[in-house]
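Next come two complexes built around chain A: one with chain B, the other with chain C.
Up next is the complex of A and B:
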């Protein structure tokens, strides 16, 4: 599939849905991708399975506080600059780029570098959603090291990483991000085509476009959107979509704990009668429950839609009084393996319960 | 003390005369194409009706949609040179990126991006280049640029780069008008810069509007002070309004909510403002509108002004009633109500006709709707009440039912609306906007990104409160009436040291005016 400027609206909107509250506002990355694509003949979005086993692939994306890039704006040349510096550092040319995660600006950063370099982008990503930490990506779970990796800041200063584990890399790149102004572009997870195929969550960029198209064409009351969204998810690797709750935000509190937005939202029915729903948040929406009854939890996807328009809402935009519909959907099978659950199960986020797939809960 | 509030709406221009809290007189005139004629008609009617002594009036407050409409209709906008300080960051995202072509074109094509600005932690992004600055200033002189908007990365935290460049431009071009982004917006560089650009393009129009208005009220013997209402429910004086016309965007809904609060004495309530085509439902929290947190587009341009959170539903006095009352709105006869509605001899069944047939309103000739079927009336009533009930449920903030206040010209449509909380339909509900303008206060705001933990939270908060207070005093507030109206704390993700974005709003009475009775009693 050849991506062009016309696909970006749907890709961004669908990405916010799959980002489950995280990933930040894609607006500035969207503007840059728009220009980069308009100046190119488009970008090839290729299936991981068409890649040679000995091809050389790397992930690319932004790392940092989304709120910082509201002021420290990204530049259109940064992704390519990071890619070229990375290639010089590892002494090898990259054959294809892959996104860290779907959602927010990070679905779009690979497209900017690809439009300028002519490289293809893999239709897939390392999360199938958004998650807060590097070791939670499918690639390190599959044993692929995130390093050697390279990050550049707004003025092209570079930092190289060679870390013993994904956890160490995560800790180091967070520290470096702060020292580099709060937002950087990183190229990481150098891997072969064969390694990529063992771990990538397939088809997520084209699926974002499908979801974005449904949200755009059927924009309107969220409950009326759900049948069409549900049909799309039913046929995908995510499985059935479930409406968890419709109501308004009656309490919302968040604080920074260990560098994350940690918070809790409480929702009540519009007319005030009935049980309330709580959502635990750590950058992403992690757990939805009514009383002690858990309806859905990470790594399954929980997404909050604006009730009036069906537009998905990032966690940082959630506010008291907002009228919303909450939906849940299963995660890709990869995240349900024992190995993946070691790093993405609810306990990894400090919750005191085990993961139960959403279809067994609801 | 006596004050006059004026609200310029799409159809009507309303004026009210207040003595303390009491509404002495109200009047409505049609809004004129030039706006000023309508205002003067309303003022003259008010003067003739009450025969008051103009010298007893202490202040005139104006709420107007002129500047919003100028942006939406791309009228009266002047060209503006856009200068951003923040390179090397933001290359590829120049000022006006993402704007609709027509309004971007209306502001001309002078765009400059300079090195400099600051990072979140207070370190500079880059050292400014003296030669780069000289070249820009020379070019501005060369092109005789009349208006400039300056923005800089993290300028709400450190405005020095904007101030320094403004000084340089003032030296070279003393008559050029300058808007600095840190004076008009909050964090969010593109949206703040957009606000500064729109503002700068309105400066010349604002001068004309303010001057004409002052001359007109002086000619009627009103020698008092003059204020314009802003989108946050506070006022700016005439000189401030000349510099910041963009701060009037969305002041109409704010005035309506504030007026409803004053008319009822309620600080927490749902307010339904029923007009000809829509009912605008908003929420009062502590006497001020609950604000929306979405990016607000004005004329297709993204801004981050604080605007009231309003749910508009398609029910107004001119709404079409169809299917035997099963359907009401969203289509409306609008301002053609006086020709097309049945009570005015027309043949279109409208929501107003239903209210007259029920006996809830006396408008036009009830004889024309005497034959209307009781089923249709009952069914339309149920439909309208259901629409309002759903809107109110949607906007209600919590489990406790809030009082519902009806204002606006179409408020009679909802007089039999059944709510969980009390239904309040104040007298003078038709001029709530003008009352809201008349009672508005003076405010100040400050926003900083600060390290935030238990040790330094209080100290940081106090410092930001002091900055907001200083701004309120500059805007003309009376020191002994100032109070903190709002504190917003937003945590920043992926940052150690608990960084938070903190915004404080301070409001108080206008210096040199007596406080209205109820404020003084609080």
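Up next is the complex of A and C:
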């Protein structure tokens, strides 16, 4: 599939849906991708399975607190600059790029570098959603080291890492990200095509376009929207979509703690009567609950949609008074394995309960 | 001059004196240097001026809060591991090593790597004393970039930097140092022999040995010690030594703030009667004052000596009740130039007064 400017609307809209509150605001990345794609012949979105086993692939994306990306804006040359610096550092040319995660911003960053370099982008990513920490990606879970990795900031300063574990790498790059202003572009997880195939969550960019198209075509048509989304998810690797709550944002607090957006949102019914829903946030929406009753938790997806338009809303865009519908979707099976749950279960985020798949909770 | 185990006592003792409270505790570094030198044929301590102009030199030392080095102990293989990783990163072999700064620990780190690699060590350093931040070294003041630079932690994790300025580099490596546990070994300032000669503070390691010998030979002989030290400094690039205060430590507070030891010590007369002296600390002793009257300030040297033995005491070793004599010494002329004062004057540390050379203050 050849991606062009016309695909960006749906890709970024669907990316925000799958990014479950995180993944970066798409606005500026969208403008940059639009400009980069318009100046190119388009970007090849290729299946991981068409890659040579000995191809050399790397992930690329933004790292930081999503709220920072609203103010510290990326430049159109940053992704390619990061890619070239990474290639010089490892002494090898990259054959294809892959997204860290699906996200409004982070689905688009690889496209910007790809449009400028002529490289293809893998239809897939390392999370199938967005998650806040490097060790939560499918690649390190499968044993692929995130390093050698390289980060550049808005000034072109670079930091490179060789780390013994993904957790260590996460700690180090997060510290540098904070020192670099809170948001950087990183190139990570150099790997072979063979390694990529063992761990990539397949088809998530084209699926984002599908979801984005549904969101666009049924914008403002609430009665049709959720059934249409539900049908699309049902046939995908994610599974059933569940409506969790509808109400208005009555409380929202967020702070940058340790380089992440950490916060909580509270929703109440429109008429103010009835139980309220709380959502815990660490870049992404992690847990949705009513009182002690948990409706959905990480690694399953929790997404907040504007009640009127159905547009998904990132955590850093939540505001008092917004009228929203909260939905949950199962995560790809990969994240339900014991090995993956060691790094993405609710306890990894400090919550005192075990993961129960959303279809068993509802 | 060939350094051997027998020189280490004086070298580290004199290094603590010149390090003006910082530079790292020498105890473990001393044991490591002793072992490394004993297993070698010694280390050549060479004059910068004997170096070829096109030789390739790098600085090496510990970065972090000195208080951390009391608990997060270096391993004997760390300096060489950092050197080799740096050489692999820049693709070039280092011809000679030079210390960041004179310090109990940081004078010895280059010797450990040199004993194990056979490289010579320059008789000199990048500060002529110790100072807390990278941009305060003579090398960046002379326009030599601290990067490419490499840091390794106790586990062997590495971070590398390419930074647009020394201030930026300082911010980034300090953040990584904190994430790496608070103390790392860094290799920085790759430069030619010609560049080194333009900026190195000459002769500071051999001068440390001279000062260390005086301290050792006159240990406990207070009436002879200060005159002997004074005579040695008078003939050196530092100038006159001034006795500032004698008393006991009645208050000492220190916290790790932003990766530095930040604190304050208060001294009172032995009989409790009379004016007290306060010393401001940021890794190093920065300002000594009685009330509003400033006796000495950075970049001049302020050193605290045990009252009984004359042994210099690092800031992280200050304790309530210690009986001490505080002395001040002028800094090398290099630090009194307008260009150097732009980065090392008291205002660079947040103090609201200008630098006045110690000989004009007393």
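As a working rule, the second predicted complex is superposed on the first by the 346 of 362 C-alpha atoms of A that agree within 3 Å, B and C clash if a C-alpha of one lies under 4 Å from a C-alpha of the other, contacts with A are read in each partner's own complex, and residues count from 1 in each chain.
Definition applied: a contact is a pair of C-beta atoms (placed from the backbone, for glycine too) under 8 Å apart; a residue touches a chain by one contact, two chains touch by 3 or more.
Owing to the predicted nature of the structure, the values given are computational and were not obtained by experimental measurement.
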item: Touching partner for A:178 - first (chain B), second (chain C), both, neither; value: both
item: Chain B versus chain C as contact partner of A:168, first or second or both or neither; value: second
item: Which of chain B and chain C A:307 touches, first, second, both or neither; value: first
item: Partner chain(s) touched by A:231 [first = chain B, second = chain C, both, neither]; value: neither
item: Which superposed partner A:319 touches (first chain B, second chain C, both, neither); value: first
item: Broader residue contact with chain A after superposition on the shared chain, chain B or chain C; value: B
item: Contacts of A:155 with chain B and chain C, given as first, second, both or neither; value: both
item: Common interface residues of chain A - those touching chain B in one complex and chain C in the other; value: 155-156, 174-175, 178
item: Residues on chain B engaged by chain A in the complex (per definition of touch); value: 86, 88-93, 97-98, 119-121, 123, 125-126, 153-154, 187-190, 283, 290, 293-294, 302, 309, 311, 390, 393-401, 452, 490-496, 498-501
item: Residue numbers on chain C that touch chain A, as the complex places them; value: 85, 89, 155-164, 168, 171-172, 174-176, 178-180
item: Contact set on chain A toward chain B in their complex; value: 27-28, 31-32, 35, 63-68, 70-77, 154-156, 174-175, 177-178, 181-182, 248, 250, 254-256, 259-261, 268, 270-272, 283, 307-308, 316-317, 319-323
